[in-house]
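Next up: the structures, one after another.
Next come two complexes, and both contain chain A; in the first it sits with chain B, in the second with chain C.
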Partner chain A sequence: MPLLQVEDLQVTYSPRDSAAVRAVDHVSFTVGEGEFVGLLGESGCGKSTLGHAVLRLLEKPAAITGGRITFDGRDVTRLDEDELRPMRWADLSTVFQSSMNSLNPVITVREQFADAIAAHPEATGGKVDVDERAGELLEMVSLDRGVLRRYPHELSGGMKQRVALALALVLRPRFVLLDEPTTGLDVVVQRDILDRLRELQRRLGFAVLFISHDLGTVMEMADRVMVMYAGEIVESRPAADMVVRQLHPYSAGLLGSYADPRDADVEVAYTPGRPPDLSRRHDGCLFQPRCPVAVDACRTRHPSLVPVERGEARCLLLEGPAEQAAHGGRQGAEAAPGTASAPVPPPVRNVAVFSTTADSRGREGGEPVMTVEGVGKTYRTKRGLGFTSTRAVRNVSFTLRPGRVSALVGESGSGKSTIARLLTGVERPSRGSVRFKGTRVDRLRRSALRRYRRHVQLVFQDPFSALNPTRTLAYALGRPLRNHLGMDGRQARARAAELLETVGLSPAEQYLDKLPSQLSGGQRQRVVIARALAPEPEVLIADEPISMLDVSIRAEILELLDTLVRDRGIAMLYITHDLLSARLLADEVMVLNQGSMVEHGPTLEVIGDAKDPYTRRLLAAIPRPGTSRVPAMAGSPAEAATGGTGGAEQRPPGI
Partner chain B sequence: MTFFVRRAGFFLATLWAAVTLNFLIPRLEPGDPAEALLARLSSRTEAVDPAQLAAVRKLLGTPDGNLLQQYWEYLGALAQGHFGVSYTYYPYSVTDVISEAMPWTLVLVGVTQVISFAVGTVLGAWAAYRRNSRTDSLITLGSTFIGTLPFFWIGLLLIFVFAITLNWFPEGGGYGGGSQPGWTWLFFSDAFQHSVLPAVSLLITGPIGWILGMRNNMVQNLGEDYARLARAKGLSRRRIALTYGARIAVLPNVTGFAIALGSILGGTVLVESIFNYPGMGRLLLEAVSNKDFPLMQTLFLFTTVGVLLANFLADVAYGFLDPRVRRKEAA
Partner chain C sequence: MTTAHGNATAAAPAPGADTESVGIAALDAGKSRRMPGWFVILWRNGKCRVGLLMLAAFTLVAVFAPLIAPYDPRLEDFATSEAPSGAHWLGTTAQGEDVFSQLVHGARTSLLVGVVAGVLSTLIAVAVGLTAGYLQGVVDEVLSFFINLGLVVPVLPLMITLAAYAPVKGLWLIIAVITVTGWAHGARIKRAQIITLRTRDYVTAAKFAGDSTARIIAYEIVPNMMSLIVVGFMGSALGAIGAEAGLAFLGLGDPQTVSWGTMLNQASLGGAMTTGQWAWVVAPGLVLALLVTSFTLVNFGVDALSNPHLRED
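This part shows the complex of A and B:
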């Protein structure tokens, strides 16, 4: 008997003022004792809702509207809070997303352990030495016991996340739900926490449901992976199988968006479009509008989850032709167990790929437009009577050339964003100089600075907050046109339409009068890019432009940026913590560590043959699905040499 | 520790600035109080006799010397508690007048403020604890409704019903004709009788702000990840509500409460004038309407100092209650 069994679960959001949304639809799965199951999906697919339903933490307007959750033979679906309470934490515990806010800010870490222990005398046998138990767990997640006396705000994000993990294990639960436990943490920290987690899981033997949108991580950590799309599970198979071949086109698209940046030729796929509106009824396959291999039947028939190989998948193309004819709609899969034993895998092709080969990068560019020389920036903060100075950037030099992308890679706090601020003239360097075609940017003031800003534009990280939610796109794009180019209303509108077409939002008339809230994340980011292009800048600074976007559309934005740089001869500074995207887009890579540039050179050289230990750590932190991790030094040249079949066929990434 | 020293230093600096402004502002205003007084006294429009002017100046005690000398004298007088002579209650000194009015206000407003805060916090927390229940709607809607009623109207209604119609309590004043202020039972029971209606009127409206503030903060806190995690931990509802809700939600209210306590010194002008209550608020009203500059200035100074002091205490309390603040400031 599985430890956790979810049968036909449905969760519906029924807000008072809008239509009900089926966030989780007829989901069934099991998690065995000690099993590590990954749940992969993009934002809004219902994965977190499913997690909350399993923990019985749903709050209005969400509610379980059908199905059953059984834990250890006990139906927990309809238990009330008092009956659930003894099971909570002692049997099922959890770590929430990045835990930035999941610790009580006004009590010490020790107290947060103590109250969990005190609430479950039955699980601990009454007497537990809090300091001993909690201290031991903290050591397991490589934290000092002294952390017990600290308050959450005194800890870094990574430390908080370790505390949350230790806290989840305090009552020796049999099942732990991890909901995006490392999202938002720096890659190296993330790597370390995940390694620790896997080790603890093996040692203590608890079962895990690991929810994440980060494909590489899930594939590498989990024994079995479930892919969720639009509230349904579309594929559920052993990770080792799925990584080699994906049966559902959506899974194929997701895996296609991953590649190893060390390969000579790197190619990533993306899946244009966006998930369906779940408040409406859909007859056919929910993925059909975005599906590259859809056939006519997909529009009208909803596929069932059918057993395939050592798992299950939901795709009409996997059901035999006879099957397709025999049953329509959602029912019927149960009636056809035998047929799926020899499935015909769908000929998955990527509709869209963004690829980069060994020689397609390394454009020389023209004369430098932007020259940064020996720049340093020191922030002084008042502390009591004295000052503390923080050296955010130390002695950094580089140039930006037209038609060329320079990637600035580093973790949070490495000084990347400070450099962006120095280039835009928002801040002045403490040392060194920033030149734009011979003009000293660091000496510009007022109107000269305003005129200068026309030439250097920014693409922001978060497309959801970068646009004024109360203004239409025509307005958002019109502002820079009026301000910098002195256009009148009509000219600006016509130009705004052209810009929308340039970034692929076409026909532009349909978009001009829309509000940002009517667009998806990817579309918003396109608008942000269009706005940056509006004053015809010569330098574009893109600060993590894809990190907030769903994996399946990231490559789409990268491709757009690449085209713009090439066609318009713009010099781009691409700021990122993600080496894969740097590899795809950039001609040269600069690695920044604690304000200093530790490595600088052509992309393939830096990534393929990293010299600096810090760069190597960054590379080692990249998850490699399908390979079981050896905690030795990563980044051996042998790995970088393989791969690279290229072409249109989907290939297993990272192997 | 540095946190508290820093807060104390900040308090002293602000206090000095407030005291200095209190000195400077009246001196920077155009016009001469002596001339103004003479002009009011004489209906004639003739030129003012310099001798007369000098006499009035002497009478008012208008200072001589340059600004710096005056400032030193002012600071010296403040240190000794000399605030000058009240024009309205001549020849009583401002100190006398204020020390007469102060206890009334302190007791009435102070006690009602503390009760309001306590009641408001508890009711607000309760409403949040049972959010979206009938209790919650009753508390929230009820207090919002009462909050829309004009305060003076509530006061007048109380007087009309309980003093005039039912004749249970006196209509106004601090004590009746039959008793004299002193440490006697008669006086205290009489003063209590007089304070009931103003106190009730303050207690009707007082808790509303605390209720709504507390409820909203706490509902928000209970929606945070840490509260959800507390639920997942299987903690009791009570423990979640207190440690993960109320404990954090009360913090912003503490500052508000301290400021409210500080402003007690300025009195509550409206309630004291409606009930003709002999406290600081009514004194302020009189001072303003009689252009009693020394009294006004002193009352303003008291209010400022009161608020500053209360703020300082709130900061200190906050340091104890909220570890985040302590750390941020001390780091």
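This part shows the complex of A and C:
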């Protein structure tokens, strides 16, 4: 009998103000003892809701409206709170999405362990040496035993995450739910924690349900991967099989987001469009509007989950053998002859592709618009009676040229954001100079600074905080137009509409009077980009513009930035710690380590021949599901052909 | 590749394919509703609905006081210290005035003081709090000093002193005294809130869009702390009503105006308890308590406005 069995589970959100939403729809799966199962999907597909349902943590307006969850033979859906309490943490534990904030700030780490142990005398069988047990667990997650005496605020984000992980394991649970446990951490730290997690899971033998939107990571870690789309499981197969070939077009689209940045030609694919509205009834396949291989039947017939090979998938093309003949493409060509048995899977092509072979880049020797020379920045902070000074940036020099993208790469705290603040005039360098054309940016004052900002605009990291929730898009886009370009209300509105069209939000009339809350994350980021473009700037500073977005739509935004920068001849500083995106977008890469520039040169040179240890660690942190696939892809002529058409002919993503 | 995608979108008019139109439909539905969204949320909350109804009742009584009250509240033509009767529902005062008429007219004073002093102290609190929090630095130091001063100075003695020694008398003096002594707490809360809001990316974005500081505060920040300002106003109004009653009870109110506080003061001086005139004492105290309760109940609904989680109950 499996450890966890979910049968026909339905979760419905019934808010008072809007129609009920079927967030989880007839989902059935099992997790065996000691099994590592990945649950994948983009934001809003119901994966976290499913996780919360399993732990019985759903809060109003969400509720389980059907089905059963059986854990170790007990029906969890029918237990009351008193019966659940002894099970929680002892049998089923979890590491939450924001588990960095889940530690109690007013007690030490040791007391948090002691609390968990004291709350479950039945699980520990009475006497447990807290220091011994907690210390042992901390060592397992590569932390020093001394951490026990610390308070949460004395630990870094990564350390807190490790403590949260150790805490989840303190009662030796048989099942741990991990809901995007490393979101918000530096990629290198993420990598480290995940590697350690996998190792621990093998050693201690607990079962894991790992929720993530990052297919690459899940595929590398999990035994079995379930892909969720619009509240349904669309594919559930052993990870090893799925890496080789994805049966559902959506899974294929997700996996397309990965590539090795060291290849000569890099391309990533994405799936344009948005998930369907689950408050309405849908007759056909839920993925059909975004599906590149949809046939007529997909609009009217809802596919069921059919057993394929060693797993299951939900696609009409897998049910009836008649249709697939019409489609041929990449996955089909790649499929190893041995695996192409059983019901023939649909050959899937990615919907849209963004590759590095972009033309019309600005000239390498063009006149620089922005020149940074020997810039340093020292912060003085009051500490006790004296001051301590921190050198955030040391002797950094570079130039930005029209139509070219420079990527600034470095870990958290390396001084990337400080450089952005220096360029925009928000802060002044302690030494060195920042020049925009002839102007010394570091000497501008008030009104001159305001005029200067017309030429230098920002694209923010978090699309959810970059737009004022109380202001319409027309207002947000209208302000820079009215202030910097002196337009009146009508002109500004017309131009705002043009800008929305430019960033792929069309018809613009539908969007002008919307509030940010009515848009998805990707759409918001498009608006943020449109606003940055509004005053026709010459320099664009993008501070990790895709790191908060779903992996599946990152390429879409990158492509948009790329097109805009090239077409308009804007000089862009792209701040990131994601080398793959840097490779795709940037002409040159600068690596920053503790405020100093340690590498600087053309993108392929820096990434292909990384010398700095940090750059190497970044490279190692990029998930490469099915690494064996990569050389084949780069080499195959068929691949080059399909990639080429995709790059040249893709349409703006239909929304 | 393009054709594959083109077909997919061209063949998309299946129901549910276009999520945008659904969103727009929802927006239209919201617009066609006669009530604004915030009112619907307030009304839906049971406690808040009771509070709103009570507040509406008090407002109606205050507005139509001359019509509702059977006599002029200052008319001293009746027998003194009468017990409740058909002619005088709540009896008469020691000076021979009708208690019920005074009670009805007293609602005007309490609501007027509550609203005006509430608005004024909220305005001061918003202005001081926002300026201090947004500008920071020296301005913040100076303003924070005054906020702290306002918090530390014992309010009741200050109010009594101001009210007792002021060269002018009258209701407006009472309002001014309450405003001057009551803004500091709100200013402190608003300063704290703006410090968290001013670092939001959209504020930085507004700076890059060329907006002036005043405009950023008024258009980007204030709308996002509206619920806090409303809660602050309710709190100030509540405090003002209580303070007015307290000052009047202590005999520091305006003797020319009829208010629940002066009624209590006169009931105390007139020996209402010794003559067994319970209605004269209990009635003003009770309506005061009810008015304060209605404000508190409305605040539950305002909480739901600022915190969507509370809306689902």
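What we mean here is this: the second predicted complex is superposed on the first by the 595 of 655 C-alpha atoms of A that agree within 3 Å, B and C clash if a C-alpha of one lies under 4 Å from a C-alpha of the other, contacts with A are read in each partner's own complex, and residues count from 1 in each chain.
The rule is short, and it goes like this: a contact is a pair of C-beta atoms (placed from the backbone, for glycine too) under 8 Å apart; a residue touches a chain by one contact, two chains touch by 3 or more.
In this text the structure is predicted, and so the values were computed from the model without any measurement.
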item	value
Fit or clash between chain C and chain B when superposed on chain A	clash
Greater residue coverage of chain A in the superposed arrangement, chain B or chain C	C
Partner chain in contact with A:H120 - chain B first, chain C second, else both or neither	first
Chain B versus chain C as contact partner of A:D129, first or second or both or neither	neither
First, second, both or neither for A:S465, with chain B first and chain C second	second
Partner chain in contact with A:D609 - chain B first, chain C second, else both or neither	neither
Superposition clash, chain C versus chain B, among 116-124, 170-178, 206-214 or 278-286	278-286
Intersection of chain A interface sets (partners chain B, chain C)	60
In the complex, chain B residues that touch chain A	2, 6, 132, 224-226, 228-237, 239, 243-244, 247-248, 251, 321-324, 327, 331
Chain A contact footprint on chain C (complex, rising order)	1-2, 4-9, 11-12, 14-17, 19-20, 22-24, 26-27, 44, 200-202, 204-211, 219-220, 223-224, 311-313
List of chain A residues in touch with chain B within their complex	55, 57, 60, 81, 84-90, 92-94, 96-97, 99-107, 115-116, 119-120, 151, 153-154, 164, 383-384
Chain A - residues contacting chain C, complex	15-18, 60-61, 272, 274-277, 279-284, 288-294, 296, 299-300, 349, 351-353, 424, 426, 450, 453-454, 456-458, 460-462, 465-471, 476, 479-480, 483-484, 510, 514, 518, 528, 531-532, 534-535, 642, 645-646, 649-651, 654-655
